[in-house]
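Both complexes shown next keep chain A, but they swap its partner, so chain B is in the first and chain C is in the second.
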Partner chain A sequence: MLFKRMNKRNLVSTLVAIVALLAGCIFVQNGESLLWTKIISKILIFSIAALALNVVCGCLGEFALGHGGFLLLGYTAAVLIATFTKNMIGADFYKEFVYTTRGGLQPLGYLILTSDVLIAAVITGLFGFVVGIIALGRLKGDYLAIVTLGVSLIFVNITKNIPALGGAQGINININLGGSPLIYGIMLVVSIFLILTFMKSRFGRATLACRDDNIAAEACGVAVNKSKVLTFTFSALIAGLAGALYAHFNAFKPIEFGQDLSIELLIIVVLGGLGSLTGSIISAGIIVFYNLWFCTRSWVPEFFASNPKIIYGIILVVIMLFRSSGILGTAEFSWDWFYGLFKKLKNKLIKNKKETPKEVE
Partner chain B sequence: MSKVALKANNISIVFGGLRAVEDFSIEIKEGELVGLIGPNGAGKTTVFNMLTGVYIPTSGTIELRGVDVTKMSAHNRVKMGISRTFQNIRLFKRMSVLENVKVSSNINMNYSIFDGIFKTKKYYEQEDKATAEAMEILEVLGLSEYVNEQAQNLPYGKQRKLEIARALASHPSILCLDEPAAGMNPIETEELMETIKIVREKFNTAVLLIEHDMKLVMGICEWIKVISFGKEIATGTPDEIKNNKEVITAYLGE
Partner chain C sequence: MELFFEGLKNGLAMGSVFALMALGYSMVYGIVKMINFAHSEFITIGGFVAFFLAALFHDVLGWAYSVGMLLLCLAGAIVVCVIIAILTERFAYRPLRKKGSSRITALITAIGVSYILNGILNAINNKQLQFPTFFDNDTAFIISIVVTAALLILLTFFVKKTKVGIAMRAVSENEEAAKLMGINNNFIIALTFVIGSALAAIGVVIYLLRVPFFTFELGSSTIGLYPFVAAVIGGIGSLPGSVLGGFLIGILKEFAAVFGISAWSDVIVYGIFVIILLFKPAGLLGKDVREKV
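Right, the complex of A and B next:
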């Protein structure tokens, strides 16, 4: 049913792309370089988070300033659930059936990991539902931005001050379920799939209608408030998934969450293009690569290395001045475009061949 | 005797002291083509806004096919069989022509979010039906060649027609058109009036038409209501309206 309408070429291309992505993930996690594992992991997780934010900012057309808070919520939920599960089942059992001797995961381990992040995502989604009802159900206009900002500030400060929820040092992760690029890659594919099909359904259509014109949407029978709350809940759920994935990777600290993260995600989305999922993924790649690779090179001027965020300001100003719609605007990657490119290239080559003799004459 | 599609009983609305519409009543039977005319600022659009649920009248009641909808929200009223177009075009600019129309099909679909995400049989059945219906409507309005075009890229006259197409997709029993010919040249206007007649026959709906230009409505409406300064000043057939003294005064000014 799912792939009934896809033509064969696109279906095969999609499958090949997914396999290639996952193979790449496996290659990286089997490699020796911790830096590259970290870079790829963070790109994948940030892509998911940016997609989540883009659902609200690009597709629904409302501004949300607190998605970092949802990531933190997903993170905290995942850690608490994982710790609880481990305490319930017992460390001995984990040693025998969950971990491999090399520190990887047995099939049961993958099952526990997957359920953990999915449950955490759902909890975050429920929380997003409540925030959505408060911010969107009654209020109009820019209130969503302000309410989400407020909620995320509350959340960051609570977790900072209650040791059981993280405290200033963050929760000490002794539940490491070996989050790995492969898992992140799979979850990115799942997220893209969920968002694409959601947007193709009557619910996504209502979302886009609300973005373009609330009053007209209402006049066409769309329950605008309900539709907005649903979309926001969906976005929070995906953001929670990203946060939960963060929890299982040793190299990340919860300190990295907070208002800076919300802003960083917003910059990623604006840079990629509001409404373009492809753009969000590309720009997540650029920003993470810049932070984790570029800024750690020895040949990079000291100034950049110690003030990496200066580039964010530059990006915002440059984008607004020269390309306010972001790198991709609202354009999306499609196989038709991809293969069209090949055709164009071929035509150009043939033309060039034909034209060269003329020039000789 | 055909049934009543829309009935308004003495609806009034006050905006901060301004009585924009006062004691307005109307009864439209299924399939009728009715005109609502009046000078600038008479309160025509305000009447539409009350009928469709954008504003709740200060007093009076509104019924759709015999059901009291006075307090019902705008989106629920669409399900009761009323739909409208806007005086200032309000399309979903960045959506395709087809998707614009399909937004209104939402109320005829009931597949769940899981059907949507996993594209079940139900999803395809309902989406396909909506697409087929939308294509049919677009065909009648002469928009077939623009199906995949973004709404904002359509020429002005076509945008007006797309608004009508979108309003038809929710299967209205009463279609309210707010100055659909505004900004069109005489030839386009003529053509639009023909289209409205065809639409009414084909989609089996009553039409309530606001038009600024009196001559225009005279041609196609069965009967006409005239308002001025928020109050009704005349109701009757085009001929009766044409010769009504009060109407002439209202239009020519005192």
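Right, the complex of A and C next:
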């Protein structure tokens, strides 16, 4: 449905871009540098998480502070499912057919991992549905923000207190940690596709109408609550996907999914521009790159590495004061714009060529 | 039964601290409709200043611990908190108000300010600190109750009866109309921040009398969102509501601690918070404002 709208040039360009992204992922995955595998993996996962938050903040127009909690749900569900599958089919089989010796994945591994991640995402979506039904109908604005934050802290504390769900130390998959960017890349493409399809669908357009004017939308016969809850559920599902991928990336404690992670995601979304999916991906890249690459360089003063909060705070305040729409505002990347750039460049070059001789004369 | 009374006593003491801090959140929200996330950092700053002043007086000047010294520390904490609150309001929040930014923008700025302040506190000292003992537990308990009650009465009188208090309520009711009546909005809003941060400083010093150990995460993590949750439960913008919410949260938390389920106290507090908001979205004592087309 999404592809039908595109003309041939844009379709080909999109496919080329996807293939290039996945090829890049494979290249990084097979490369020697562990740091770059880590950086690329985290950028891809954070992009997915930021896209999920952007669906709520940008497209729904409400403010959720608790997406860390949904990431935690996805993480926990993915770990539990993976452990369950491992016990079902036996650890030896798992070692032999699922993973390669280097910790990468075999074809069967991709199948298992994908289904694991998708099931975890659906479970998180169900939780998001419950939270959405409870909270979105009655609350909005600041209250909704605080309630989502409270709910995420409830998730974190429950996980922390029940040993089977992780306890204070958390649970992890225990094998093949360290990241396989290819699967994250595929999932990023899948989630972008899902989000675009969703936003172009009836419910997506209804959601945008609610964001722009709640009362007018209601007067036009839009089921405001229904579309809001649906969008929130969808956002939770994507966040759960990111969390599930996080489980295959590294081991985390429940407490790491608290307030700070939620706010870090918020910083990414705000920096990129509320409502701009491209912006979220770009700024996820910037923030992760800053954290994992810039701060670990030896020539960077220790101040930056030990005080990430000051930097984050300054970013937030400065953006809000001077460019409250973020880097991209609500603009999206589009191929028409991209090729338009070439055309402009070409026109400029032609003009310059025509103009230069005149000046000589 | 003994456990019950111990829980009640600790809960009342803790609740009065939360109530004082909740008043700051509540007043600021009532007037500028913004969750002042930086309030939690004002709390920590108050604790830091009181601690370092006490250390200065005792270790450098060689004074003995006394009530007078505590009052000096408290005064110092209040002054620093107030200055930082004024600076924050002047340089972060007022430009936003001038531009007429959305409420989400204000909320994000508040988060940003709180991050900056927290980062600075972390850079200053990230070890665990211990506030000196001034009183035994019972005296501290009585002090926290008495101070909270006195401040609440004073504040209610101030808001209901004095000219500035009436102006404050006018701004919170309708900013534009208040401006037309000749009220200096910026002054009133700054004053609200001043009162809120002073209450935060008083609250944290009382808190430290009973729970002396703290770190730079006191406001952002140890006390955390409790005061804000208290303000919302009671009905944000309502003074008695904040106090009620504060005592409710404090008692819940301390009961959980006394009965040995303190690990679950967050779940209980936030769970009750969510439930209350669902049935009374404006809080227990808040006014329900209908949206007009």
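The rule is short, and it goes like this: the second predicted complex is superposed on the first by the 333 of 361 C-alpha atoms of A that agree within 3 Å, B and C clash if a C-alpha of one lies under 4 Å from a C-alpha of the other, contacts with A are read in each partner's own complex, and residues count from 1 in each chain.
Quick note on the criterion: a residue touches a chain if its C-beta (ideal position, glycine included) is under 8 Å from a C-beta of that chain, and two chains touch if they have at least 3 such contacts.
Since the structure is predicted, the reported quantities are computational estimates derived from the model, not experimental observations.
Chemist: Between chain B and chain C, positioned on chain A by superposition, is the outcome a clash or a fit?
Modeler: Fit.
Chemist: Taking the superposition as given, does A:Ile282 touch the first partner, chain B, the second, chain C, both, or neither?
Modeler: A:Ile282 contacts neither chain B nor chain C.
Chemist: Put simply, what angle do chain B and chain C open at chain A, by C-alpha centres, to the nearest 10°?
Modeler: After superposition on chain A, the angle is 80 degrees.
Chemist: First (chain B), second (chain C), both or neither: which does A:Leu194 touch?
Modeler: In the superposed model, A:Leu194 contacts chain B only, not chain C.
Chemist: Between chain B and chain C, whom does A:Gly150 touch in the aligned arrangement: first, second, both, or neither?
Modeler: Touch status of A:Gly150: second partner only.
Chemist: Kindly classify A:Phe203 by the partners it touches after superposition: chain B alone (first), chain C alone (second), both, or neither?
Modeler: First partner only, chain B.
Chemist: Which of the two partners, first being chain B and second being chain C, lies in contact with A:Ala50: first, second, both, or neither?
Modeler: In the superposed model, A:Ala50 contacts neither chain B nor chain C.
Chemist: On chain A, which partner touches more residues: chain B or chain C?
Modeler: After superposing on chain A, more of chain A is contacted by C.
Chemist: Which partner does A:Ala223 reach: the first (chain B), the second (chain C), both, or neither?
Modeler: The first partner, chain B, only.
Chemist: Applying the document's definition of touch, where does A:Ile327 land relative to chain B and chain C: first, second, both, or neither?
Modeler: Neither partner.
Chemist: In the superposed arrangement, does A:Ala239 touch chain B (first), chain C (second), both or neither?
Modeler: Touch partners of A:Ala239: none, neither chain B nor chain C.
Chemist: Which of the two partners, first being chain B and second being chain C, lies in contact with A:Ile215: first, second, both, or neither?
Modeler: In the superposition, A:Ile215 contacts both chain B and chain C.
Chemist: In Å, how small is the closest CA gap from chain B to chain C once the two complexes are overlaid?
Modeler: Taking the overlay as described at the top, chain B lies 8 Å from chain C at its nearest C-alpha.
Chemist: State which residues of chain A lie in both footprints, the one left by chain B and the one left by chain C.
Modeler: 215.
Chemist: Using the touch definition from the top, list the residues of chain B that touch chain A in their complex.
Modeler: That would be residues 52, 54, 73-76, 78-79, 83-84, 86, 90-95, 99, 102-107, 109, 111, 113, 115-121, 123-124, 126-127, 166-167, 170 of chain B.
Chemist: Looking at the complex, which residues from chain A come into contact with chain C?
Modeler: It comes out as residues 57, 63, 134-135, 138-139, 141-143, 145-147, 149-151, 153-154, 157-158, 160-161, 215, 263, 266, 270, 274, 303, 306-317, 320-321, 324.
Chemist: Using the touch definition from the top, list the residues of chain A that touch chain B in their complex.
Modeler: Counting only chain A, the residues touching chain B are 1-2, 4-5, 194, 197-198, 200-206, 208-209, 211-213, 215-224, 230, 330.
Chemist: Looking at the complex, which residues from chain C come into contact with chain A?
Modeler: 29, 33-35, 92, 95-96, 99, 101-105, 107-109, 111-120, 122-123, 225, 228-229, 232, 263-264, 266-267, 270-271, 273-274, 277-278, 281, 291, 293
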